[in-house]
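The two complexes that follow have chain A in common; it is paired with chain B in the first and with chain C in the second.
Moving on to the complex of A and B:
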């Protein structure tokens, strides 16, 4: 199995397209065996990641590219057990170490996106892309109790890196 | 969320109900913010935000409600949220904001509170 993304979408940094991205991620996660609430949370994490790119990376410019890539994940036994999502952009590069959510005890509008992403997803990694922009890699595992048989059609890939 | 997607009902005894519909995300939360600010300028005694017709909310929606809550506290307005589904409630819990707001099950309970 090669490591190509099973889904790769390019969209412009226009908030009007957030709902389409959420629908895509949520419906694919449903097929990958996540329960409805977890599908919604994973879509929320992607939404927050896209919002951060639009707001902080592109300063609300609506015509810049963002790429979403998705890989199904499987365990050592070859059974489906999660999803890997990668969000990439061409925004100004920042120190990945500074991509942290604010303290939740500081109740004020804004600044919750990174916290939400880290809370929802099992593994989150920010890094600089090779030439320009940032890459956010997120992994969510299907809870063991929910691992479905519905991926038996061969959708599950290897771990995908 | 076009403007008609935020319903506003002013009831007797200084109660106003603001009821957004659809998704409250980065593209739509400014409409809700404008509606809330407009109603808060009227200094209601009680502000009910009815989320029964909201299917999804992200952190921009949360930020809008946090801003409204802070204004409400400053103005002496009793602000109540109601009608949220499990998916909307989840983001309040992730952000640990479910304890910052007064949240009740539905509109009838919000009117009682």
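Moving on to the complex of A and C:
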């Protein structure tokens, strides 16, 4: 598979751009065969991830860079069956082991963003980037109930007008 | 192409739930008389009550505000956590918790449903990570349950002082 991201967006860490990022991800996920509910949840995870970067990574600075990259995923038969999203920043690096979120047996605020991301996505991994900043990789598979046929069919329909 | 629900925390950082009735938390629960201020509005203590403050504080029995109508998301989460810690199943607390199920902040919704589950042993199928169009009927289930348990007529009026 080509390693290049199919979509790569750079935005500043301004909350005003979060809605645009959510809508982009949600729209693309819809094309990749996700149902509306799952699209919404993926967008929620992206929103939480971006909020975490802005709030904790950049301490609310509004002029720092954030990159969102997206790859469609395919199963062994070559059919689209999910999406991989990577969010990168230049914030201070932290120990990925501390980005686990927490169990909610005790009900208290704080650290909930990571928990929400882990709750709605199938696979979540935090790591340090090579030089500076953090990288969050998230994977969501198309639920079995959905027919992942929209990628080819939908795009063909788009070309036809 | 329509974009599925893409609500998120960032988009709602500076918004409030519209008051759908005169009830706290955007009027999730029917019945009761309209409060003197919106549930999430800023309450101004009447001047004629100011002299009571030191008396109450000195007496060591200062009323602990419920906090479910606090302007700050953090304060509302604190109120939820306090309810979870106390195990308080009073109608007023339950009503306040149910009002938080419609919060724009997924973390607040998560805390609220987990606390309600702890206090009542049920969720009625509510999922904090669902988009609003899907949460709506589950919130209504909570409202219906509250009405059946406590009745709209007996629902305590929000105490704003």
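The criterion applied here is as follows: the second predicted complex is superposed on the first by the 143 of 161 C-alpha atoms of A that agree within 3 Å, B and C clash if a C-alpha of one lies under 4 Å from a C-alpha of the other, contacts with A are read in each partner's own complex, and residues count from 1 in each chain.
In the analysis below, contacts are C-beta pairs under 8 Å (C-beta built on N, C-alpha and C of every residue); 3 or more make two chains touch, one makes a residue touch a chain.
Quick caveat: nothing in here was measured; it's all calculated off a predicted structure.
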Quiz item: In the superposed arrangement, which partner chain does A:56 touch: chain B (first), chain C (second), both, or neither?
Solution: neither
Quiz item: So, does A:18 touch the first partner chain B, the second partner chain C, both, or neither?
Solution: both
Exercise. Figure out whether A:113 sits in contact with chain B (first) or chain C (second), or with both, or with neither.
Key: both
Exercise. Once the structures are superposed on A, label A:6 by its partner contacts, choosing first (chain B), second (chain C), both or neither.
Key: neither
Quiz item: Is A:30 touching the first partner chain B, the second partner chain C, both, or neither of them?
Solution: second
Exercise. Would you please give the residues of chain A that touch chain B in one complex and also touch chain C in the other complex?
Key: 15, 18-19, 22, 36-37, 40-41, 44, 47-48, 51, 54, 104, 107-109, 112-113, 115-116, 119-120
Quiz item: Inside the complex, what are the residues of chain A that reach chain C?
Solution: 15, 18-19, 22-23, 26-27, 30-31, 36-37, 39-41, 43-44, 46-48, 50-51, 54, 104, 107-109, 112-113, 115-116, 119-120
Exercise. Spell out the residues on chain B that touch chain A in their complex, using ranges where they run on.
Key: 23, 25-27, 56, 58-60, 62-64, 66-67, 70, 86-87, 90-91, 94-97, 100
Practice problem: Sort out for me which residues of chain C touch chain A in the complex. | Solution: 1, 3-11, 13, 74, 77-78, 80-81, 84-85, 106-107, 110-111, 114-115, 118, 129-131, 134
Quiz item: Taking the complex as given, what residues does chain A use to touch chain B?
Solution: 15-16, 18-19, 22, 36-37, 40-41, 44, 47-48, 51, 54-55, 104, 107-110, 112-113, 115-116, 119-120
